[in-house]
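See the structures that follow.
Look at the two complexes coming up: subunit A is in both, with subunit B in one and subunit C in the other.
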Partner chain A sequence: MSGHIDTVKQAETTPEAEQPFRELGLRDDEYARIRGILGRRPTSAELAMYSVMWSEHCSYKSSKVHLRQFADVVAKGTAGSDAMLVGIGENAGVVDVGQGWAVTFKVESHNHPSYVEPYQGAATGVGGIVRDIMSMGARPVAVMDQLRFGPADAPDTHRVLPGVVAGVGGYGNCLGLPNIGGEVVFDPSYAGNPLVNALCVGVMRAEDIKLAHASGSGNLVVLFGARTGGDGIGGVSVLASETFDDDKPTKRPSVQVGDPFMEKVLIECCLEVFAADLVVGIQDLGGAGLSCATSELASNGDGGMHVWLDRVPLRDMSLRPEEILMSESQERMCAVVTPDRLDAFLEICARWEVTATVIGEVNDSRRLTVEWHGDLIADVPPRTVAHEGPVYERPMVRPEWQDGLQADDPSRLARPTTTEQLRDTVLRMVAAPNLASKSWVTDQYDRYVLGNTVLAQPEDAGVVRIDPATGLGVALATDGNGRYGKLDPYAGAQLALSEAYRNVAVSGARPLALTDCLNFGSPEDPAVMWQFAEATRGLADACRELGVPVTGGNVSFYNQTGDQAINPTPVVGVLGVIDDVTRRVPMGFAAEGDTVLLLGTTRDELGGSEWAHHVHGHLGGRPPQVDLAAERALAELLVEAAARGLVRAAHDLSDGGLAQGLSEMVLRHDVGVTVTLGEVTGDAFTALFSESAARVVVAVAPERLDDFRAAATAAGIPVTALGRTGGDALVVDGVFRVGVGELRAAHDATLPALFA
Partner chain B sequence: MARVVVDVMLKPEILDPQGQAVATALPKLGFDGIAAVRQGKRFELELDGDVTEERLAQIRNAAETLLSNPVIEDYTVRVEP
Partner chain C sequence: MRVGVVTFPGSLDDGDARRALGLAGAEPVALWHGDVRLSAVDAVVLPGGFSYGDYLRCGAIARFAPVMERVIERAREGMPVLGICNGFQILCESHLLPGALVRNDHRKFVCRDQALRVESNTTAWTTAYAEGQEIVIPLKNGEGGFVADDPTLDRLEGEGQVVVRYLGSNPNGSYRDIAGIANEVGNVVGLMPHPEHAVEALTGPSTDGVGFFTSVIAGLVSA
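Coming up: the complex of A and B.
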């Protein structure tokens, strides 16, 4: 407890004191702006609060001007936006799924922490997104993780991947939440910059939505959950070590450690508190900890707030006030409670053995004031901390290499021509790290706990039942192809949305809304900023066209090593609703004698394809053509076909094309298929490996064939007859035959050989 | 034959959920007067032959890279008499 406490009074009398604002990541003009707002120099506690809240991560200062497009989509009343109950800006968006139920979902990044400490980084990524969902008043019901690593055989991938997978599984499994899908992608651009995104979905009755508002003068601010330690304190340590504590420069660790059992108790405690209607507002503590929770609650409310910081229960008694304000200790929540409900609130916390402490009070001062053992150490207008931070219109330049990249068409690459070469390519592709079975990863996750999982990996979408009485369910799929993003960020973002949208529809669910996690390089690089602007513009345009609004999400910048940025990777998660989960459509061939049809149009589109990547290490040309009208018509057909029970199986075609799609459908239940490619497109190779969008393969029982064809014709969807299910091989008539055993061996061996 | 002991503990500021769980269980089972618990790992390494500076350096390297996770853990190496 040594060292000097910087108070507001001292700040007023020592205006010239040197402050380490640059070490805290603030620019000279930002620091000057803080001094302008306060009319004096900030105290070290205030400096800590502003520096974390004005960081890129918390303030969205580079992305805000672009993200406004998503709100415009909703404001202009795009079809579909009427289902949105809570939009961007809250902890997570909420969507009305009918029958009085509301669903909240969000995807967020935990990239950098997962690189430093893979297990804990991934685990706390899951924990953080689950608390976001809880703070909306919902019960979390499922999670999904979108993971991207460097090349599968790179040493760093071997350091990071096992820890990340174990962390996702360790935290989610202990929490008792099914992991119903996600992605595992390898690409050299993620070497040294793995992407660990986590999505959570929660369910509540529509009238039970909770918001992060601190209103009502005299109401109490209660911190509950884990004690506060030194977790996640990075830059702020300079305040302790350089300026105020010269004799003992303790550099505190920034690794946050998760405790899933604490979080599980916290979930149940929160749900009981919600059910008894004991809170006015609630907020989880994540990035920027108490600084964020108190300033956002006060800023969203109607007055001010006073905080007695010395009342915060500590795990480490040596923490300084600035560190307490910035600590990112996990498994903590902040609630606003009326005084007459406080005893009932504390009683529920006591029953769950959750530490709960009144640390503040709402007032009408319009200031956020923080007190430390009787001294005032912060006195700020909360909006300036939480919502009125800097906003930058960063310079953007289309990179000069973009034209060259797009001109480098894959048509120059050697294509397999003989039947033997085609057969080898099929086997080689199903074994490629990006296309091979992900069972080694997903088998470490519990997919069925809670007993409501209807579909999970490797299916196209995860589907969970939310009302056992009526069979109402939701489907979720996430996609994002960084190679497409690099070739054309506008189209790449639209293709990510198209694929997730299609995957939801394939399962029989009607797509409703989306969440996005926008992973990019440094916003200070004009080329990256151009990629970001293009991607957000593409996404907003596609949202309008498809009638699915953005409900929230997250931006992760600075994913780069030196001047080498990752491929622009907008990960899009689409939520859909299915009225009766028994009508869901699985992906695999399940019976002999079904007719196999290809829906959609196949063109010669191999730019950014998995074939070019895996076989030739090539990235160039243009990504597949975006056709949102076709996606929409296709989705409508698939939803109708599911409801009427017209299709036995349906599977989206994307990475790896038709060859990959058919292989996966065969391998799901070891039911073979014989197809002819004559009517698909020009040559067998293009038919098998092109990645044209808006395509789906369906299997239809003989007695349903006429009805399905009629529905497809009515919807204006091109249908190509491929063949018939049956046998124990993938047979392309007149080209090759691959036995199920050989196909499975190739598909299943890759990941265990690399990581087991 | 010599024995070297490597103790691995989470760094003091790092949250230790296991230790906390033990600390919560102790008073419930009647063990009073314990304020906090932190749990770690102990490795006992039996050497072929005597302890040399070279061997110890090797063991420190193993402790740093294999036996502990230096991002969140500290270790100590000592020779058992």
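Coming up: the complex of A and C.
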């Protein structure tokens, strides 16, 4: 069949033709199942569609059985789930934030492309998540990025990090979306498997939510945005090389190339289209391109769809139909439009000089049919492509090394004891790559554009105003600690949620809902699958306890080199709402003479700590104890205190403990502090470096102190007086004094020295 | 007092410029790059962003947008025009201002709160400031290095056309730390930092940027 187009008719007459399904990643039984569904062999185009839609990335076939727990949390009506307007399964979840406003947000991975081609991988990761948010009918208002790399001094980190950072910035800056926060983490487990996650948040009126549904027979399917090219085709090239001789290039780049200007224009075009109420349904084109968009639109709708594939505007005229179906060319959207609104729709596209083409029509056939120059090349039930893919209950086994790892407690590690050693350790820790200032990275991102950024990195949460008239705003924080996840994936996931939840509350916002990006190794490894099951179970249990539902997210498997999987890294993004953004609480000491208090309980908890990692290269023991009831009580206190204006500054304690927390609060505005550690816990070292959860440091103005203490007592939160702000140093009474200048030099120098 | 803000495809800070003008007391008017006529506006702001993607040379295509023909014409007749960031680049490409903006010397995009000294308070956009006043406003660009030949730089300095200068470490390699300049008459001003992002204490590092907008309003009222 070389050179010819494989049609449905041909598939019927050549049932035994060899097909490269294995090269496309399908298993024998999956291929057999496709034949069973169709009652014949699939055409090349159909094979392309099924193979990409049944991939792990699109079908969630290994994770589905575990992700159901998140839906159960909502179904059981957990407190907080009533705010959810749209849940898991759509392009992104939507939450009601009050006053008629709805917010949609989602975090997604672009790990593998970013390893292959750091700049474009990271750039198109931002582009993809922004289109997910647009496809809900929302205006994107901010982005965040969660980046994890191998050791900071590893050569490959120096190849990957600058490109990833430039890609996140190059794309996001050009879109005009403020980057309000994120993470940069270094750990040997990510060498060769960098994690590039991106989060976007968007805003709309609650009544304007759009869904990826193709309803209404006779409605038109319009493809708009960039032309379709050969990027991101990846595996499908085996089809091309199978059926073609040597007269065209068969090796195509499998990493997509981004054009942020096109995306910016597409955003404005979509917003005008939404404002004029011109679409019935909308879907972005991301992974699996048109295969995904058409099958999902049709599957979510109430009928069928016919597509004239030869009408798709191309950048590369040599593309074959199956390549067009799988192309992951960026900056494309698909809309379902009623015929009477088509002209108005096309007019807006023309104003923005966006190419728009009617490529299909909704019908009541209950089939997705694809035509290529008059020939039928695909005829499938859309649900079998989009939603009824294989589901696996992968074998899981608790790794045999888990007990040994947990038994290897950090108590055997040498601890600093003299005042001099403690002082040196503080300086060494604030300069550790994971704790050092990230401004070398974040200064490459525009945090000001759109003029609504109230808090941005290095603050605990990013806060954006969504309604200037009322001051309504949202806060977002993301966290994830792979070391904790390795020691105990159940607790690790709960600690990631606890920290993000705490960071939102610290800024004065009430936590509402979460999105997660679950980064793991291969699901075919039973040990990894056990980690995944534990992490999802931990997350679901914590959601129930904290009253924050999962609204959506993403699973990224196969983050491993050989048989070495990354540390299990669930990244959790929590969204909170703040009724009046002028009440937000920043992290830094801002005035002299404020009382500094530690909220929460400090225990000797150094398992998986940054101190054990940085000073001893050690990972073992147990992560800090999870106390969700304490987290919840603490959050309620912080939200109340913010609303009443009781605290001047508040900062979460996590990686690096109290020493790091106080240093960051001092360095924010160069306002010093003098503290005593006597009442924190047994010894100075534990007080300074333990990473016990559910802890926050606050600075309270003298005239607010009584009110704040009363509120804390009422909330049952343990309060330890630490000291008072002022001066030009971090002073731990009787232990050491570090001048602000010396502290800053240590904190600021690390990343520029490594990457500049 | 109507002040136009041009939106090119790829403009990003157009909404912020309109907000800043509104806060300063003007009536902001949205202008479209394809407009062949200027609505009745008394002044124009060319906002920041990446017009047409800036894939060729920053501002090189925007300079040929239909709306620019009238902006250039009116600017030559004395209408106040402010170019911020990409707008500054467009003004240089349009030859309303001398010199050019090139890629930052460290090759990276930079976003930071930038200290500046107001060197000239006699332009249409800076009368609200004291000469020598130090202000802090956001700077964010990838191609913000101001370059010109020495005679041009000497002339700019000599004629008082340097409007704002970077304080502290030079963020992008601009010659003589120049952050913004004016034409000879002072009605056309271009600068890389973003005064429109320093108009509210809640969202900016200061409110030091407001003066650019109140200056032009005051000038138009008295004219």
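What we mean here is this: the second predicted complex is superposed on the first by the 747 of 756 C-alpha atoms of A that agree within 3 Å, B and C clash if a C-alpha of one lies under 4 Å from a C-alpha of the other, contacts with A are read in each partner's own complex, and residues count from 1 in each chain.
Simple rule for what comes next: contacts are C-beta pairs under 8 Å (C-beta built on N, C-alpha and C of every residue); 3 or more make two chains touch, one makes a residue touch a chain.
These figures come from a predicted structure and were not determined experimentally.
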In the superposed arrangement, does A:347 touch subunit B (first), subunit C (second), both or neither?
neither
Is A:12 touching the first partner subunit B, the second partner subunit C, both, or neither of them?
neither
Could you let me know whether more residues of subunit A are touched by subunit B or by subunit C?
C
A:261 contacts which: subunit B (first), subunit C (second), both, neither?
both
Which partner chains sit in contact with A:451 here, subunit B, subunit C, both or neither? Use first/second/both/neither.
second
Under the stated touch criterion, which partner chain does A:581 make contact with: subunit B (first), subunit C (second), both, or neither?
second
Quick check on the superposed pair: does A:230 touch subunit B, subunit C, both, or neither? Answer first, second, both or neither.
first
Figure out whether A:316 sits in contact with subunit B (first) or subunit C (second), or with both, or with neither.
first
Tell me the contact category for A:170 with respect to subunit B and subunit C: first, second, both or neither.
second
Find the residues of subunit A that appear in the contact set with subunit B and again in the contact set with subunit C.
259, 261-262, 353
Mind listing the subunit A positions that touch subunit B in their complex?
116-117, 120, 226, 229-231, 252-253, 255-257, 259, 261-262, 315-316, 329-330, 353
List of subunit A residues in touch with subunit C within their complex:
166, 169-170, 173-176, 259-262, 264-265, 268, 352-353, 442-454, 465, 581-582, 756
Quick one: which bits of subunit B touch subunit A in the complex? Just the residue numbers, please.
10-17, 20-21, 24, 69, 71-72
Report the residues of subunit C in contact with subunit A in the complex, numbered from low to high.
9-10, 12-13, 15-16, 19, 48-50, 52-55, 106, 108-112, 138, 140, 142, 194, 196-197, 200, 202-204
